[in-house]
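Each of the next two complexes has subunit A plus one more chain, namely subunit B in the first and subunit C in the second.
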Partner chain A sequence: MPWPTTRRVIGTKVSRLDGPEKATGRAKYSYDINRPGMLHARILRSHYAHARIKNIDTSALEKVPGFRAFHIIKNAGAECRFAGDEVLAVCADTEEHAEDCLRAVRVDYDELPHAVKEADARRLVAGQGTLGGANNPANTQAGGDFATANFDAQAYQGTSHQIEGTYGAPVISHQCLESHGLVAEWNQDQSELTVWASTQAVPNTANQLAQNFKIPAARVRCITHYMGGGFGSKFGPDIQGTVCAELARKTRAPVKLMLDRAEEVTVGGQRPSAYGTVKVAGNRQGDIRAFEVDCYGSPGVGGGATVNFNLLPYVYVTVPFIKRRHQIVRMNVQTARAMRAPGHPQNCILTDQALDDLAAAVGINPIEMRLRNLPPNDPNALKTAPNTYMARRNSIYRSQIEIIRKMCDWDRVWHPPGRGDGVVKTGLGMALHTWGGGGRGPNPTRITISADGSVLVQSSSQDLGTGQRTVAAIVTAEIFGLEPTDITVQIGESQHGPSTPSGGSTTCPGTAPAILRACEATRAAFLAAIAPRLNNAQVDDLVIERGNILNRANNERTPWRQACARLGQNPVQATGDWAAGLSDQGVGGVQVAEVKVDTETGVVRCTRFWAVQDCGLVINKLCCESQVAGGVIMGVNYALFEECIYDRATGRQVNPDMEFYKLGGIQDMPQIYVHMMDMPERGVIGIGEPPTISTAAAVGNAVFNAIGVRVEQAPFTPERVLAALARRK
Partner chain B sequence: MSDTKETTGLSRRQFLKGSGAAAAATALGTAAAPGALAAQAPAAQPVPGMGPAGVKITLQVNGRKMSSTVEPRVTLLDALRNYLDVTGCKRVCDRGTCGACTVLLDNKPVYACSMLALEAQGKEIRTAESLVQGAKLDAVPAAFVRFDAQQCGFCTPGFVVAMKAVLEQNPKATPAEVEKGLAGNICRCGTYEQMRDAIYSLCNTKRGS
Partner chain C sequence: MKNFTYFRPTTPEQAVALLENRWGNTELLAGGTDLHDLQKEYVAQPARVVSLSGVNALAGIRVEEKSVRIGAGAKLADIANHAELKRLFPSLTDAADQIGGPQIRNMGTLGGNLCQRNRCWYFRDEHTNCLLKTGQRCFALDGENKYHAIFSQGHRCVIVNPSTLAPALIALGASAVVQGPNGRRTIELGRFFRAPGANNEREHVLEANDMVVEVTIPRSNLANASYEVRHKQAYDWPLVQAAVSFERGDGGVRNPRVVLGHVAPTPHVAEAAARSITGQAVSEATAGAAGRAAAQDAKPLSQNGYKVKLVEVAVKRALIIAAGQKRYWEV
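== the complex of A and B ==
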């Protein structure tokens, strides 16, 4: 069944089903679960950025009131490779006593050399590395090297203008408000484990725990009814999950282990830094011929790229001559985790800001610059998949740019860089983004219709705050002629079967088709069941319309509840799973920031913001717009406030908190104007990630437009703005 | 420590004195010298020592009396969440910067993470859970729901309580005044734009473009 062409509920603004529960504090998140006899666990962590454990002395634990058990995570001789690395866990009857237990453990370390700044880590050659292991390999490794054929000979031929600039952004933290953690509880004979975990991957978390404890997957149940933010950092039980379950097993009691704020910031996930030198060259009209980038960034102590290497330059992928080099710089801080569009915001910062600098050098409007250099619609894709991003990217961006140009009154407000009057200068800046998204299975969804007319939808998929629960209700209500509030949705329990993790903006496109197909199957079963009991109607004559079952043969209408009553003791149940054709992937978006820069204090305020987002078939307009505005706000934080600051001497983060790690409040955020460019013919596309990608670059370009000088590194703090202004003079 | 009149039953100063004053004061990094502390303490009336073992406390929460035994060091937030199972107030930063733990204490918004449970005795504590009677939602959370001013929702009860406090104190508050009242709260999902829709509707003001 395709998506209905006329839609009564889908695409409208529907308030979240669980909104009242959440807004009044009644919703129980993992952090809120209190079980009878529950113990509290805490983790002892290395204070050193790099050290070898000499000795662990737990002898004083027995004397601590309330102490129950401990579990050693790293034994003597093992290395801790960043400040925050786990050493041991304890549990006690109260949180207070668990804290006391941490203080009672004595760990001796041999300190080893560390590096927590990219510049320091880059200097360390083989033999000097600070990552531990045999022979101390270098902290750096190649992350990619590419050049278009004949780049050196031909790239700059015939170009009239060239700029070279440096751009970048530091390591930042996910800062999920609900920290990572869980409550773990075993049954009486310890053959079954239940966890209430804050996770973006409910079945995965259960499965991993089953593996770790060598028990059948069916014997582990993960429950995540509500979840306080993940942004890519919560895909499994993590060390604390396994440790918590282990302590619960040892003590035969439920145990809660939630990270505190300092732990959340230092071990709960980071977005890697990215810094680069970029050269762009083009002709007098603004056609770019050469794009050259040499960049590096740090994914922390583990490996992994910090940009999306193959998408440099970002969006403008058809620039004729491209050269790119990336270096991965490992240092003694936590390993990076996926964070809302991994690599893309960094790519956008490295590309779209350089583009504006070239536009300024050429002396043309940045909009003109973008229109000239957009990649063309892909002729092959046009033939095979005419609705996709590849087939339509040029048309999509072109129309989005025209829309946003009017929305923000660009032609009136924009001025050449640095031309504003007065002390407080206003600027406008634009940036473009793209993202894959796209759904897949398995996401089996089961629907049950009972004789009382109630409709139950069940799947294990989780609601991270995206409105997933409401998505299920909207699609189901549409097909059964009901209202979303008539539908009961049970999600976030691994017992409901497999589901895909909520990463990469795939949840809505992965589940909505499954829900639709479950509706289709259940509807068929339902009509077949009631037809004989509706005056022997023919199944083919029955259609479901709003609130009624219509028999087209005699125009008789039976209200929904009455029709369901004919089911008697036999509820109807069917399942459906994801299938291709109902979802799609690949979106484009354009954003414009307006900033006011105080040239005396260096303070940047983002005052207004416009976002045009391509998104396929919208299921819930309300939550869709919330996602876009939320992505923009996360991007404004990235642009203006956020930075994990590591101390060179101690190797520790100096701001693992929410006071010196800045996040904007309501008064710091712009008024945001969202335009959803929906294309229902493409099916459902996830948009959790795309709207946060280009925000920081747009803000950076707006600052450049305001003051006429590039602030090289985000966050664009007063200090950096003043330094940039001083450079201009 | 300032000399403003303490309004709680047990002042912080009395508490420190009663529980081994000088050492505690230094440990907490307070500026007052032991001498000054002693000189300023009210004469006579020794305050009974408390802790470190648990003491029985009774809190008035959402119109109900709730009792438990907690150590004196337990914050109001932890007493509510860990000992009384009132979990609408959330623990996020645990040091007075994010507002997720906001509760009303005698109608005033406070960070429950930054106050001891003992000090909250005898006061009327209201959490977000009080803003619904049966199926009837208070206007503030109702506006959050209607305008989708929440995503993950973990910050939301704190915002709801803070906003309720502003509007109770000044039912004629302007949207700018309400925003100011929310300046002590942080949302990571970025719901401020939708929150503004909720604020304008609660202030009966039309939002300009």
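== the complex of A and C ==
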């Protein structure tokens, strides 16, 4: 069944079904779960950025009031590679006693050299490294250099203008409002484990715990009815999940282990830093010929994710000559985790800001610059897959730019960089982004219709912020002629079956098709069940209208509840799963920021913001718009406030909090105007991530437009803005 | 948080009698917005906590003929919203109104505000043993110091005093009434603060068994204002604050006081700025000159040179607000 072509509920603005629960505190997050006899666990962490454990002395623990058990994570001889690395866990009757327990354990360390700043780490050659292991490898490694053939000979031929600029952004933290953690509880004979975990991958979390404890997957249950933010940092049980379940096993009691704020910031996930020197050259008309970038960034101490610099130049992929040099810098801070559109915001910062600098050098409007250099619609894709981003990217961006141009009154408000009177200067800046957001299975969804007319939708998928209950209710209500509030949705429990993790903006495109197909299967079963009891109607004559079942043969209408009543003792139930054709991937978006820069104080305020976003078929317009607003808020923070500040001497983060790790409040946020492009023919595409990508670059360009000088590094703080202004004079 | 014994006296005399003559083992508790934070971080580990919540005598704001008396237990929100105070001392009420968020203002008290510990991120980190604990060095001196002092000549510890009420109160000539074991005494707020340099010193001159009972401000017609440069508007500390007061006379500004916040280990009285504006009519030019004078002797650390410029601007803007002139930076 394709998506209905006329849509009564889908694409309208529907308030979140669980909004009242969340707003009133009735919604129970993992943090809110309290089990009878529950204990509290805490983790002892290395204070040092790099050290070898000499000795762990737990003998004083027994004397601490409330102490119950401990669990060693790293033994003597092991290395701790960043401040926050786990050493041991304890549990006690209260959180406060557990904290006291941490201070009763004595750990002796041999301190080892560390580097917590990119500049320091870059200086260390092999033999001097601080990453641990026997032969001290260097902290840096080359990261996939690339150059278009004949770049050196031809790239700059015939170009009239060239700029070289430095751009970048520091390591930032996910700062999930609900920290990482869980409550773990075993049954009496310790054959079954239940966890209430804050996770964006419910079945994954259960499965990994089953593996770790070598028990059948069917015996582990993960419950995540609500979760308070993950952004890519909560894909499994994590070390605290395993430790918590282990302590629960040892003590035969439920145990809660949630990270505190400092832990959340120092070990809960980070977005890698990215800095680069970019050269861009083009002709008088603004056609870019050469894009050359030398960049580096730090994914922390581990070997995992870094910035995918292969995306450079971001969006404008058809620039004829491209050269990239990229260095991965490791330092003694937590390893990066996926964070809302991993890599993309950094690449956007390195590309879209350089583009505006070239536009200023050439002397053309940045909009013209973008229109001239947009990648063309891909002719091959046009033939084979005409609805895809590749086939339509030029058209998508072009129409988005035209829409946003009108929304923000660009042609009237924009001025050449640095023009403007007064102490407080206003500027406009634009940036573009793209993202995948494709769905996949398995996401089996089960629907049950009962004789009382109630409709139950069940799947294990979690609500990372997509408004997942509401998505399920909207699709189901559409097909059964009901209202979203008529539908009961149960999600976030692993026993409902498999589901895909919420990563890569895949939840809505992965589940909405499954829900639709479950509706289709259930509708067929339902009509087949009731037809004989509706005066022996032919199934093929029955259609579901709003509130009624219509028999087209005799134009007889039976209200929904009466029709359901004919089911008697036998509810109907059917499942459906994701299938290709109902979702797609690849979106484009354009954003414009307006800022006001106080040139005496260097304080930047983002005052208005416009975002145009495509996401295929819009399921819930309200949630889509608020996703975009949320992405923009996150991006404004990235642009103006956020930074993990690491201290060279101690190797510790000095701001693992919400005080000096700055996050804007409502007064710091712009008025946000969102325009959703509805393209139903493309099916459902996810938009969790894209709307945060280009925000920081747009703000950076707006600051440049306001004051006529580039502030090189985000966040654009008063000291950096003042330094940039001083350079201009 | 380490467990502690909780006391709840009902008079200032009883409260003081429960204190000890050394810091650390017993702490006074007012709104708790600072003390409990420090306890949770194990930076403060008192074994005894003396709550002031039962001491009714500390509450209240009284506007009298000669002076205004604000109890040490007055909530920041009550100060910020007090109509008469707003009219007389907008520098104080504006400063109070910008502190933290509503939760902090509803719990935080005047006494706690004046006696709160500094916000240095090394001091507040349990695992960094700085001068103000038992350590031997100030980590901010050559470390992460963008929020630290630019006037710290001669001090080993380069914190900034966190209170934004203090500069406003000092500029208004306020005094603290202090209860000690031997009775009450009055300390001008201009002499109330000190630069601590070790773990047996606080950011003020009180003894460990003293407490603030109230603050008195002489009634006057002083023009006054406080201006804060803030990175964020919500829930943030100022980068730099300037509080000013002066008498309006025919010959221009008389007896001005200019006091800076968040630039030194104590509220910093900028005498050169006061001299500069004395006898002048306030204008962007004269206020700007006073601002430059205020910043003159600054000796920034490695990362806080920008604060010098902010001092100039904050003083200029505070003078312009106090003089009731157009706020040229508001668009």
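Rule of thumb we're sticking to: the second predicted complex is superposed on the first by the 726 of 729 C-alpha atoms of A that agree within 3 Å, B and C clash if a C-alpha of one lies under 4 Å from a C-alpha of the other, contacts with A are read in each partner's own complex, and residues count from 1 in each chain.
In this section, a residue touches a chain if its C-beta (ideal position, glycine included) is under 8 Å from a C-beta of that chain, and two chains touch if they have at least 3 such contacts.
Keep in mind it's a predicted model, so treat the numbers as computed, not measured.
Peer 1: For A:Gly602 in the superposed arrangement: first (subunit B), second (subunit C), both or neither?
Peer 2: After superposition on chain A, A:Gly602 lies in contact with subunit C alone.
Peer 1: Is A:Gln667 touching the first partner subunit B, the second partner subunit C, both, or neither of them?
Peer 2: Both: A:Gln667 reaches subunit B and subunit C.
Peer 1: Have a look at where A:Arg103 lands relative to subunit B and subunit C in the superposition and call it first, second, both or neither.
Peer 2: second
Peer 1: In the overlay, answer first, second, both or neither for which of subunit B and subunit C A:Thr94 touches.
Peer 2: A:Thr94 sits against subunit B, while subunit C stays out of touch.
Peer 1: Report for A:Glu659: first if it touches subunit B alone, second if subunit C alone, otherwise both or neither.
Peer 2: Both subunit B and subunit C are touched by A:Glu659.
Peer 1: Who contacts more of subunit A, subunit B or subunit C?
Peer 2: B
Peer 1: When the two structures are overlaid on chain A, which partner does A:Arg648 contact: first (subunit B), second (subunit C), both, or neither?
Peer 2: second
Peer 1: Give one of first, second, both or neither to describe whether A:Ala580 is in contact with subunit B, with subunit C, with both, or with none.
Peer 2: In the superposition, A:Ala580 touches no partner, neither subunit B nor subunit C.
Peer 1: Per the contact definition in the header, classify A:Ile633: touching subunit B only (first), subunit C only (second), both, or neither.
Peer 2: So A:Ile633 only meets subunit B here.
Peer 1: For A:Ala723, decide between first (touching subunit B), second (touching subunit C), both and neither.
Peer 2: second
Peer 1: Kindly list the residues of subunit A that each of subunit B and subunit C touches, one partner per complex.
Peer 2: Of subunit A, residues 96, 659, 665-667 contact subunit B in one complex and subunit C in the other.
Peer 1: What residues on subunit A touch subunit C, complex-wise?
Peer 2: 47, 65, 96, 99-100, 103, 422-424, 426, 596, 598, 600-603, 605, 641, 645, 647-650, 652, 654-655, 659-660, 662, 664-668, 717-719, 722-723
Peer 1: Write out the stretch or stretches of subunit A touching subunit B in their complex.
Peer 2: 15-16, 18-20, 22-29, 31-32, 34, 40, 94-96, 175-179, 226-229, 231, 260-261, 464-467, 622-623, 625-627, 629-634, 637, 657-659, 663, 665-667, 669, 671-673
Peer 1: For subunit C, which residues count as touching subunit A in their complex?
Peer 2: Residues 1-3, 42, 101, 119, 121-122, 125, 127-128, 139, 142-144, 146-147, 229-237, 239, 303-306, 309-310, 313, 328-331 of subunit C touch subunit A in their complex.
Peer 1: For subunit B, which residues count as touching subunit A in their complex?
Peer 2: 71, 73-74, 78, 81-82, 85, 87-95, 97-98, 100, 127-129, 131-132, 137-138, 141-142, 144-146, 148, 150-157, 160, 179-180, 182-196, 209
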